[in-house]
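Notes follow once the structure below has been shown.
All chains are identified by letter, namely A, B, C, D, E and F, in their written order; residue positions are counted from 1 within each chain.
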Amino acid sequence: MDGRSWDEPRKVDIVPGYQAFAEGSALIEMGMTRVLCAATVEERVPPFLRGEGVGWVTAEYSMLPRSTNVRTPRESGTGQVRGRSLEIQRLVGRCLRAVTDRSALGERTVLLDCDVLQADGGTRTAAITGAYVALYQAFLVLVRNRLLNEVPLDSAVAAMSVGVVGGKTLLDLSYEEDARAQVDFNVAMTDNGKLVEIQGAAEGAPFSRETVPEIISLASVGMEPLFRAQREAIQSITGRA
Amino acid sequence: MDGRSWDEPRKVDIVPGYQAFAEGSALIEMGMTRVLCAATVEERVPPFLRGEGVGWVTAEYSMLPRSTNVRTPRESGTGQVRGRSLEIQRLVGRCLRAVTDRSALGERTVLLDCDVLQADGGTRTAAITGAYVALYQAFLVLVRNRLLNEVPLDSAVAAMSVGVVGGKTLLDLSYEEDARAQVDFNVAMTDNGKLVEIQGAAEGAPFSRETVPEIISLASVGMEPLFRAQREAIQSITGRA
Amino acid sequence: MDGRSWDEPRKVDIVPGYQAFAEGSALIEMGMTRVLCAATVEERVPPFLRGEGVGWVTAEYSMLPRSTNVRTPRESGTGQVRGRSLEIQRLVGRCLRAVTDRSALGERTVLLDCDVLQADGGTRTAAITGAYVALYQAFLVLVRNRLLNEVPLDSAVAAMSVGVVGGKTLLDLSYEEDARAQVDFNVAMTDNGKLVEIQGAAEGAPFSRETVPEIISLASVGMEPLFRAQREAIQSITGRA
Amino acid sequence: MDGRSWDEPRKVDIVPGYQAFAEGSALIEMGMTRVLCAATVEERVPPFLRGEGVGWVTAEYSMLPRSTNVRTPRESGTGQVRGRSLEIQRLVGRCLRAVTDRSALGERTVLLDCDVLQADGGTRTAAITGAYVALYQAFLVLVRNRLLNEVPLDSAVAAMSVGVVGGKTLLDLSYEEDARAQVDFNVAMTDNGKLVEIQGAAEGAPFSRETVPEIISLASVGMEPLFRAQREAIQSITGRA
Amino acid sequence: MDGRSWDEPRKVDIVPGYQAFAEGSALIEMGMTRVLCAATVEERVPPFLRGEGVGWVTAEYSMLPRSTNVRTPRESGTGQVRGRSLEIQRLVGRCLRAVTDRSALGERTVLLDCDVLQADGGTRTAAITGAYVALYQAFLVLVRNRLLNEVPLDSAVAAMSVGVVGGKTLLDLSYEEDARAQVDFNVAMTDNGKLVEIQGAAEGAPFSRETVPEIISLASVGMEPLFRAQREAIQSITGRA
Amino acid sequence: MDGRSWDEPRKVDIVPGYQAFAEGSALIEMGMTRVLCAATVEERVPPFLRGEGVGWVTAEYSMLPRSTNVRTPRESGTGQVRGRSLEIQRLVGRCLRAVTDRSALGERTVLLDCDVLQADGGTRTAAITGAYVALYQAFLVLVRNRLLNEVPLDSAVAAMSVGVVGGKTLLDLSYEEDARAQVDFNVAMTDNGKLVEIQGAAEGAPFSRETVPEIISLASVGMEPLFRAQREAIQSITGRA
């Protein structure tokens, strides 16, 4: 639709350290989608983990009102975080926890704030991909302050959307493509090719189970530029450190 | 753990029409899990569908405080529907919409209330499976009242959980099994073998992509008794009608 | 209206232990009204009782959305428990406290959840009557666990509605009768004939003070089957214990 | 306790028209209890009455934070009207509706705001007694504006508390007396001796049913000064009009 | 408009000790505006001041629903304190803090509740002026109880509105005047002529900076009767003590 | 503190059109403070203006959680917009309304969203200054779409903070300077030297009225670079148009 081939992700760019007062942060752009991710370290864990000796990683997700074409009212007006936001922030939290060595982290929490400045599809996958860089930077601060021996991450994690639009499988849907998709998948994987999360839904009619492995393969290939951008962003921080 | 083999679902039982004042209802039991599903028909659609000539199917999900081993406080105390509840009710709504012929339904909404009376794992899959029966019964009422020519459902839909526990793939996890699962999948399918929704998450370590088709196959076989129980429940209503 | 004589209560049935994960529970049916009551024991008391050496008994009341003929929206959507629900749960709490030996209970709280599965009038009186059985069962658990020497209840408590409909005094109103009542009383009594609570309101015109003793007498006689059903339910538990 | 005999109510004083901008208002003092009542007329009815040709009377009740000895936090902080406030405002609304000729009122609502400036027991009974004067004044405004032919009130309504303290029946309890009561009644009656509402609760042990007629009689006698103060307040308005 | 000259404030009256159960209180009337102020002393400070050895003074502001010509709904219904109320209560708190010797106060908080019984313009300035008297009385209680050596107030504080209406500068605007003002100032000063707070806003067109000193002078002169009323109110308390 | 002279504002930079999907937007940076402003045009006015033939301009203000050194929890979690946010958004709305020709605008609303990405003092003044550019751009869109003949703005508006720190008057306080200020002013002016809003508060001790004209003069001079940056930003848009 926008000149890309069906298996070509949008251009990705990650600016680490965008928010100077946060322990870690990253501004990720995928096409016109822009998500600002910040990591906050707290020296405590939620009640259900107290005394367990392991850490916690969680996330919050929100959209600025004019990130979208039609203004989205603020959630603060209602006291209700929208269902979609809650679903996304739970997903982001799970994905980052899956690659964190929570025993090595110790009784600490890292809270990842993912705020969408501009939304053109794929904000949840961008949030996962960007939050990984913010998390890495926050862990580096803990290492530099000798609170940790090394960055407690087993692998990188990134995510990509895949859809079936007009019968064709497409990688990394923009908003307009997503609105027309019959099947909509979000796939989160590690940089060594393992699955962290897979969510697929029939937007229109139910779909054949044969398409699932195909979708995973396409997502896997499309994630390569994301892992590369993460590595470059992290190198620019560690070079600076 | 409870004497079942790894590919054997728990005993399912569906009582249609449990709530006499609802257009459709069903009490579903899967092992010790009990979910009460009710269907309400409203002669209107949400604002974004007005004038489109198609209907809507949506869901709400909640747990009674003592459905669980430790009491879960009511959501009404906080004005916040919990993230987990929102995630589940969005899932239930999507699954039922995927099998509904929304054009045939016309500008009507069916709201499916899924209230968990007792929770021993698999409440979201039980909710999907039971809500289908409540929805069917509500559609029958519309047909009997000559508001519809026939039940606008393309196929039945049911759902099943599959997990990897201690390295082994298990069907239909109870609460105790679920708490120990490394990988947790929920699969919703139609009775003609198509996928409606698939959600899989690494609870512990990331998992191999090869396990996904295997999990779908296991879920597919395990859903057979659910489709059978749905058919029997519906026959008992239509026989009665 | 439904074939009963004016002084004849509806058929009552109490299933103790309906919710397997609660310390105590009972499903009570009075005619078409069905209320699920669960008792939760907490080893603490509200702030105003700390250090006083006495316990507390309190209640929460809610209706499932399709317990009623027209769907009642969930209270969780608004963050406001409805006035009627609050009024009822305060009533249930007071009635159960009045028969509990709070010194013998010690610094513990029992919270009674009363959830209406189906509402055909008299849900508050059914909640009081059923909650007594759930409370008894929870106390038995404390006795069995040697946390109490004996069940700290001075007497049984049950409740019954009485109304004046079309000039005639009627016992145990169904929803349809209640909607047409000019005067509406709820009376809670112990099984030794003492009053625990009496609430009477003119729905239409003010009423003569002479009717009050008459209403109390009618309620008192009508409560006998309730006390009997409570005793049978408790015997079936203690026989099991 | 404060020098009164057991059957002697506290000194009552009613200032009509205290809030100059309201259609009707009254500041009622009973001993140290002070409640400000205001009546607002709206030319509409709640949805459930639209097109029925009858009016509605309702109430809101709140306490100023320092009406009490220990500061009571504002309800606006939590978005939750407290259970006690809701219970009282429902009671006030019912009592005033019971003496209003709602057909003569027509499709209008009168909202009675009862705000407690100082609380020394009996705020709900003072609210009912004072709200009657505010309601009367508001109806007079409607009559003067030729929206009504005459004041649509069948009789006056007032209310009085009666308690059993240390085995003795006492009229019109102050806060300190109320805190020590074993049985606590609130009785609302018309000035022609009919009952509008009766609510009695065992605070400690259940009580004998023989006490009920005795309590009603005592309340009835104690209400005479209230009806007199209402009549004087209304005469001072009508004289002014 | 109401017969006053342009530099003449409305008649002020302060009744100290209006709420008998509060540590300090005052009912202030300025023309038809009536605000009830109460002071509550708490032996703790907000978290950000713990261990700092200094006290805190804060305020809450609210209007009774029928203080205004058209009823203002209660904030408790929405769980949202209105922006205007928050703005005013922050202003009142700042003004009283500015004249309090917070070191001499020690780790205590005084909370000033300002509740508007009747609103005819200038409720925020009346709240500041009346709250000073309530605060003084509460400090006297602490002195009498030997918790403080002397009243920890550096000077009195009062406030006055000034507006530009139809090109003319007017002191102490009533509601009707305020609604027509082009420029609206609120000035809070000490009784030794220093500024505590100044807020001026162009309601219509921007205004010349030369008007600012002129407005301050007018406010300063107009505040004299307020300081006099405060002194008299305080003398009547201290004489009583 | 940061090398600036006392009368030197921080470096300002305005990027117009930062949010591609909004009618108008601007990212303003003042030193390390970064505020993202977006303008949304709605073809309706609030209820109190319906049928008046004039438009409305309003604002919302919020901070991203990690805009600050210590994370600020989201307001959406509580359903309460914080007092400080409400105060600021009301200020921003008033300032922009004061320079808008609301008759020329017609019955439309422009809502200005001001979201703080990074906070180092002066976020409210930056919000006013940046919102002006977003508003201008939105008006240009209305002109281009022939809904307006010309941009309905009478003049530019910008704002600047001035404080007294350690006895010295300082322009444009950073967070650290602001935290140590004894007196804190925010001044909003038009580019033709008129005042739109002035707010000054004694943070510590009351201050002399002679300082006010001095503070206004300093603010006036310091605002020149802001007006220049606004003009350049607007030229870059109109050149593009």
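Methods note: contacts are C-beta pairs under 8 Å (C-beta built on N, C-alpha and C of every residue); 3 or more make two chains touch, one makes a residue touch a chain.
Computed from a predicted structure; not experimentally measured.
Novice: Hey, which chain ends up farthest from chain C, C-alpha centres compared?
Specialist: Chain centre farthest from chain C's centre: F.
Novice: Can you name the chain that lies farthest from chain E, using the mean of each chain's Cα atoms as its centre?
Specialist: Following the centroid criterion, the farthest chain would be B.
Novice: Could you grab the centroid distance between chain A and chain E? Build each centroid from C-alpha atoms only and quote it in angstrom.
Specialist: Spacing between the chain centres: roughly 50 Å.
Novice: Whole-Å distance, chain E centre to chain F centre, using C-alpha means?
Specialist: Each chain reduced to its C-alpha mean, chain E and chain F end up 28 Å apart.
Novice: Going by the touch rule set out above, which residues of chain A reach two or more other chains?
Specialist: Each of 79-81 in chain A touches at least two other chains.
Novice: Can you tell me which positions in chain D touch chain C when the two form their complex?
Specialist: 79-81, 83-84, 86-87, 89-90, 94, 98-99, 154-155, 189-190, 193-202, 204-209, 212-213, 216, 220
Novice: Using the touch rule from the top, collect the residues of chain F that touch chain A in their complex.
Specialist: It is residues 19-22, 25, 32, 36, 38, 40, 60, 62, 64-69, 71, 74-81, 111, 113, 115, 117-119 of chain F that touch chain A.
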